[in-house]
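Take a look at this one; I'll ask things after.
We call the chains A, B, C and D, going by the order they appear; numbering starts again at 1 in every chain.
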């Protein structure tokens, strides 16, 4: 499956780019599993689990939210707008 | 003692004038006593005790609030601004 | 802290901008505009007040808000009197503060207290004639929350 | 129900007037303006958002407000992005309704939810350098009230 991953704000700066196209040999996985995989691939900023939030297809997601082929998955710090 | 009495809104219309200068042979009396006296003098609209509010010297008052020489006493229906 | 009773209309945006002018400590401006509603065939209304006492009572309400929320940096109250038509603005309350919690609370507090403590009276005009507006129990309940 | 994410400034008075335009059922307009505060030597900040998701999340927040307060007649949300200086306006939320209770509640609800659910991030500039603003626990607590 292919995923498009996005990073925002301080996480984008830590990673050094705004996103990655990711190809994985599985049918589905959870947001937490994807994050662990990317961290293991060398994106160290994704190892700080506590402070990160995620969205799948532009909707706020939980660690257990399921991700499938073609999905857009975003990781970012807690929001600070308003 | 001399008092200046004012009427507002529907009460002003019922009484037919905006106020009265009142002279009384006492040193002090309560707002309730003043209202009863004026009602007895023929200002019938002041007999409807439940719905009226009062102010003494432009501060909200209770029926037992004391009134003395030179005071400005106002009677009016519950307020409906805003 | 500035309070006006006037027949003239007001510009809410201008009032909010004035609350902010020259300040670096304000992060929040909460404001309220009351408007003449066309309920029950109302076409217009006339607002009467008690000159002298109305100004004093609004100043007391505003002072109480500042005492309860000391972080309030600036506030503005405008209340119109005279004849107003449906859709016309009646009242403006604007509160500037460091954060939104105190600005919202003080703004709503002032409106609730104004509704039950400030001497204003409304007389509505409908096709059936004119009638004085009756006070609402819900307004007393709103003011009693604080 | 209208939502904008923009770099341009806004005129709060104009927005409030638009909420009222052509309506006879509105008696109350509650509004909020968020402003860049100069706390801790902040001179400016840059607001980043998530194009696509930010618009959707604001639309969802506004739709939830209308569901909770069906008497809300009209609402408007504007959030600026890009670089803003101290004293600049950041966000506008305006709610028009029949009575003040629902207008205030919906306006405050939208702000509380926007603060915790809408993807915006602030980066502050001070003399000491730049830093990303940390989320506040008090914002989570405010959103959890509803």
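Here is the rule we use: contacts are C-beta pairs under 8 Å (C-beta built on N, C-alpha and C of every residue); 3 or more make two chains touch, one makes a residue touch a chain.
Everything numeric here is computed off the predicted structure, so don't read it as measured data.
The minimum number of touch steps linking chain A to chain D comes to 1.
Our note on geometry: chain C versus chain D, Cα centroid distance of 22 Å, whole angstroms.
With centres taken as mean Cα positions, chain C sits 48 Å from chain A. Rounded to a whole number, the gap between the C-alpha centres of chain B and chain C is 27 angstrom.
Residues of chain D found to touch two or more other chains are 34, 100, 111.
Residue positions of chain A touching 2 or more other chains, listed in rising order: 82. Taken together, the chains touch in the following pairs: A-D, B-C, C-D. Partner chain B is touched in their complex by these residues of chain C: 34, 47-50, 52-53, 56-57, 79, 90-91, 111, 114-123, 132-136, 139. Across the complex, chain C meets chain D through its residues 11-17, 20, 23-39, 86-87, 98, 100-101, 103-104, 107-108, 111, 142. Those residues of chain A that touch chain D in the shared complex are 6, 8-10, 55, 58-60, 74, 76-82.
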